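So that you can tell them apart, the chains are marked A, B, C, D, E and F in the order they are listed, and the count of residues begins at 1 in each.
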Amino acid sequence: MHYPLGTVKRHIQRADRGAVEQLGLYGVATVHEAMGRLGLMHTIMRPIYKGARVSGTAVTVLLHPGDNWMMHVVAEQIQPGDIVVAAITAPCTDGYFGDLLATSFQARGARALIIDAGVRDVVELEAMGFPVWSRAISAKGTIKATVGSVNVPIVCAGAAVNPGDAIVADDDGVVVVPASIAQQVADAAAAREALEGEKRAKLAAGVLGLDMYNMRESLAKAGLKYID
Amino acid sequence: MHYPLGTVKRHIQRADRGAVEQLGLYGVATVHEAMGRLGLMHTIMRPIYKGARVSGTAVTVLLHPGDNWMMHVVAEQIQPGDIVVAAITAPCTDGYFGDLLATSFQARGARALIIDAGVRDVVELEAMGFPVWSRAISAKGTIKATVGSVNVPIVCAGAAVNPGDAIVADDDGVVVVPASIAQQVADAAAAREALEGEKRAKLAAGVLGLDMYNMRESLAKAGLKYID
Amino acid sequence: MHYPLGTVKRHIQRADRGAVEQLGLYGVATVHEAMGRLGLMHTIMRPIYKGARVSGTAVTVLLHPGDNWMMHVVAEQIQPGDIVVAAITAPCTDGYFGDLLATSFQARGARALIIDAGVRDVVELEAMGFPVWSRAISAKGTIKATVGSVNVPIVCAGAAVNPGDAIVADDDGVVVVPASIAQQVADAAAAREALEGEKRAKLAAGVLGLDMYNMRESLAKAGLKYID
Amino acid sequence: MHYPLGTVKRHIQRADRGAVEQLGLYGVATVHEAMGRLGLMHTIMRPIYKGARVSGTAVTVLLHPGDNWMMHVVAEQIQPGDIVVAAITAPCTDGYFGDLLATSFQARGARALIIDAGVRDVVELEAMGFPVWSRAISAKGTIKATVGSVNVPIVCAGAAVNPGDAIVADDDGVVVVPASIAQQVADAAAAREALEGEKRAKLAAGVLGLDMYNMRESLAKAGLKYID
Amino acid sequence: MHYPLGTVKRHIQRADRGAVEQLGLYGVATVHEAMGRLGLMHTIMRPIYKGARVSGTAVTVLLHPGDNWMMHVVAEQIQPGDIVVAAITAPCTDGYFGDLLATSFQARGARALIIDAGVRDVVELEAMGFPVWSRAISAKGTIKATVGSVNVPIVCAGAAVNPGDAIVADDDGVVVVPASIAQQVADAAAAREALEGEKRAKLAAGVLGLDMYNMRESLAKAGLKYID
Amino acid sequence: MHYPLGTVKRHIQRADRGAVEQLGLYGVATVHEAMGRLGLMHTIMRPIYKGARVSGTAVTVLLHPGDNWMMHVVAEQIQPGDIVVAAITAPCTDGYFGDLLATSFQARGARALIIDAGVRDVVELEAMGFPVWSRAISAKGTIKATVGSVNVPIVCAGAAVNPGDAIVADDDGVVVVPASIAQQVADAAAAREALEGEKRAKLAAGVLGLDMYNMRESLAKAGLKYID
């Protein structure tokens, strides 16, 4: 389905709330593994402060370079537990978002902003506890001149995002889980997490991965040679 | 006026001290708005530690790639309340500045360094409370072989800086305010700041920007369509 | 000597332990100066958390893009006091290393990882106190399909590293000191450090570098002119 | 619809052939305008030689960093008039494609390759007349170890691509037109092209855009001031 | 002098026409040397086709990200022999300029465009013989919503440009010569050029620079040692 | 072996001349494959003009940012058939080399320059037929103030280069072959080349790589699934 610019979709199918909360427990690295290593945003996307971890459902917004008009439009579509995911139609590092918009987003129940551009007022955002993952920090404000779209499929920092998808973000980055497989991925992440504790204990005791994973034979077959 | 390399200008007209102090209260994002969105340095310029906010008057220095000789020349021109703004004649990430020079700059009354290159000794600089905004952190030292200039007009990280201009820097970036309009910009920033408190309260109460700014009609005229 | 891919060298000549510890006292900027300004890695290499400073002996590993199989092979070659230095055969930002491997490396006595690629689980790594200097942070995991090499000469972030070389890393970056000159460099660093205290005191008292280093005459000869 | 890695979709709905040919006549800039300024790939994507312009229908392939195994899988899905569009699951500049694969693709009827990674044998590719738009040129080959997918939705250089979409590429870049609107966009492009001849003649005669587009009044209203 | 956005200066002092023509004979590398190695734009600025060399007088334009409205305003200020130099208030790669605007600029007598952003229609521009130096090639068009300024001082790709300055551009890059020293720089360039022929002949005959420039002694003094 | 800055090694062991010539016949992509995919420089290294292919023996030079003094020192060490490979001690894009130095290098018998920095006079260099692979093109000249080294091991664009190594460069990039394995790599490249003709014929006839390389079974085992 192709949506022309200037479209706001009001009703979207959000990923299952329970699955989304569960995904937030495991963090980005585990979730990314659990969904088969798809859906990770580019590593240029970094949190504006350390230590935040969030999960939520995506409401998407597509904006123009240097123009944040649609940020006000998307605010109305936010429901508690949502994360706003913002893409720009061409590369831009302007500061699309600051403490005023964050106040509005937070009042609507948004948990975070993921934006493939810049943000500002980062000291105030940290003080408010409103986390943002962005490509840049920039004091440069934006105009309000051209309409974009809300809740249409977008590409944000190299990842395809559909409205309603589950988003997980922490200090390792940002991952997108399609709404249709959110529970399945949460289950796989849980299973993965369960296995890790045991492995960690063995490794801490000095067991080598070479032995724990039985890699010696396959390494030799692949041609690995030891010399002195 | 064109200055050949090898020029040190001793007497410069500094921006009004009161205006400069006032600008520091509002921070980079507000000041940048207040001066009509001009004068922001490129977002590659980042503070070496979080939480610093400074304002001051620019003493400028133009150096060569890998050569920090002029840092010692500019030190003599520093007056209390100044910020040293350093540009290089070609892209370079070398560490032009460390704790020894910072000791000297601080002793002369400098409040910060803004440099379109690298710095080092960042742990010591943070411990001393001497903030730096730079393009890079690099342990690579520099030589002292070629003369540049001090207190001539320079371009630093994409922004034109004249000696005596007001500089404001915080976690949102670095902005340059021409000395001749420093008070006018400070007043505009104050006015802007005054308005924000009221807006913030409304947004926190759940009022949408769409309504607070009366955007619905102009969005519709611009072609925005809601679908279900 | 040329080593084909698929080589693990078991016995390497490590830099003198005492010299390595001593180098760690001075930090990267001083050590880099002391060895004549060679051996610094590219400034893209940044610590995943602030405030760590380590020194150690290099065990090297050469991996393929998106493939961390050799991380398990190198683990076995780690001795207490080593730092693992990892290079990739082509640019890659994938997350080659996380908390499980860190547990194993730490159990073997490794002090840090230096990797010209990405890492993940950065919150856990900081909690464990296992420092990493890397080019990227990425949740993207890797496969285990192709053999690389261990303890062969590598190029990491622009610096040549031989197994056994001394490595020093802190917030200013990462420097490589050839094992054969580790003690000589440590001595030079000590001498350099000894001189700095006196200089710092003078500069703090307001003496200018121009005078302390007797630069005025050579600046004039180089053509520097003062104007008003 | 979410497709796990390891999926090859054999039957896809290709954009209307006539519309695709027509789009090729107008070129990327005009088509991008005609579809409302969506669908352009990042400007990092450049042709390996000048002067090529192609249009075709997308067959998509998703590969892993440093692994081109799926290039052989996608070859079988090519039909005459197709353009292969390749995305990698993480940033990579390796040379995934050279003259041997180009021979195979050309024999199957492919018109071009669009790849968000590297290619090699560029002299031979130009001699064969097989155009490629890529992010890099790299002699580095790839392994064949891990399965990806063919004809699933991908993100290539920031643009979402569905199998069957129309692709237009020339020296101005690469644009993706969803199959469902290919004819509509071709018509809009034709209309746009028709208007341009007349405008060009006027501008060549010295008429200003200011007058031809009646901009003077709106510029004055927007605050433009002329000074001497 | 500070100009707010929205200013068009109609009367500017152009560099001496004869000096400008003369500068064009020597090319960017020689002119840059002749003016003391100042005024070079960042190397990201590349010609859209090879082999063009131009000189002219700058008319400047300051635009907003994604907005080329002022391109039509600057067109009216062009006089024969001018080069339009365009800066953007924040980083942007959009295609601000294509064959229609080039037709208009050429009709007004402009010799080239220098733009710190993107251009499109590069095939047509080459066919028209209208050279452009830019940071990017992008098919992405722009809107016409916000006013900028014309013939105010700007910073383009790291170089300060005043209206009327002499501009020289060729395959080596773009250099800005302040109008007030254009003739002086042209003379210095001529002198420099005159010396080069003789040197070239000697070097071609196998004389070493070491001997021609008498470097051996100073190299030895600087510590250079020959070993076998 | 560690060489302090300021060392010129006069006698080096050059790779076998016959092997070097042979390597030049196969080009970079084939040679890189033949030596096991090691030794490729970073893809940022591009030729200043298209269509050149060279092979030769490396004479190396290590320079400082913005300082090309050692270019004159290395000139004396050139023997016919050599390629000068230049590294800088920190990132720099200055133009270290132009037509005068090229005249001297060519007179000494050098076949090309590989430099991890900038060059200028690119029009003249192409006219002279002196090819250069570089990271940048820059009109910015350099000073002559600090000594570096000649014919010491260097790292150039991510590849380790020892004096005497074989270098191959063409439009696909630059590869370094250790002198000790030059003949062995040349033989492997020849064998590889011999096989390719046959494969090319099959692929041109429409045979799929899937069948020619018998991949179908291993793909299925790796989990590849076909759907309609």
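Keep in mind that, in the parts below, contacts are C-beta pairs under 8 Å (C-beta built on N, C-alpha and C of every residue); 3 or more make two chains touch, one makes a residue touch a chain.
Since we're looking at a predicted model, the values are computed, not measured.
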Contact-graph distance - origin subunit A, target subunit F: 2
Which listed pair, A-E, B-F or A-C, duplicates the contacts of D-E in over half of its pairs: A-C
Computed distance of Cα centres, subunit B from subunit A, in Å: 31
Separation of mean Cα positions, subunit D and subunit B [Å, integer]: 41
Junction residues of subunit A - those touching two or more other chains: 37, 40, 43, 89-91, 93, 138, 140, 146
Contact graph of the chains (line, ring, star, complete, other): other
All pairs of touching chains, each written as two labels joined by a dash: A-B, A-C, A-D, A-E, B-C, B-E, B-F, C-D, C-F, D-E, D-F, E-F
Sites on subunit F touched by subunit E in the complex: 6-11, 69, 71-73, 75-76, 93, 95, 98-101, 103-104, 106-108, 118, 120-123, 136-141, 144, 146-147
Touch list for subunit A against partner subunit C, complex: 27-29, 32-33, 37, 40, 43, 46, 51, 170-173, 175, 196, 199-200, 203-210, 213, 215, 219, 222-228
Subunit A-touching residues of subunit E, taken from the complex the two chains share: 64-67, 89-94, 138, 140, 143, 145-146
Residue ranges of subunit D touching subunit A (in the complex, touch as defined): 1-2, 4-5, 36-38, 40, 42-43, 89-91, 153, 155, 158-160, 178, 180-181
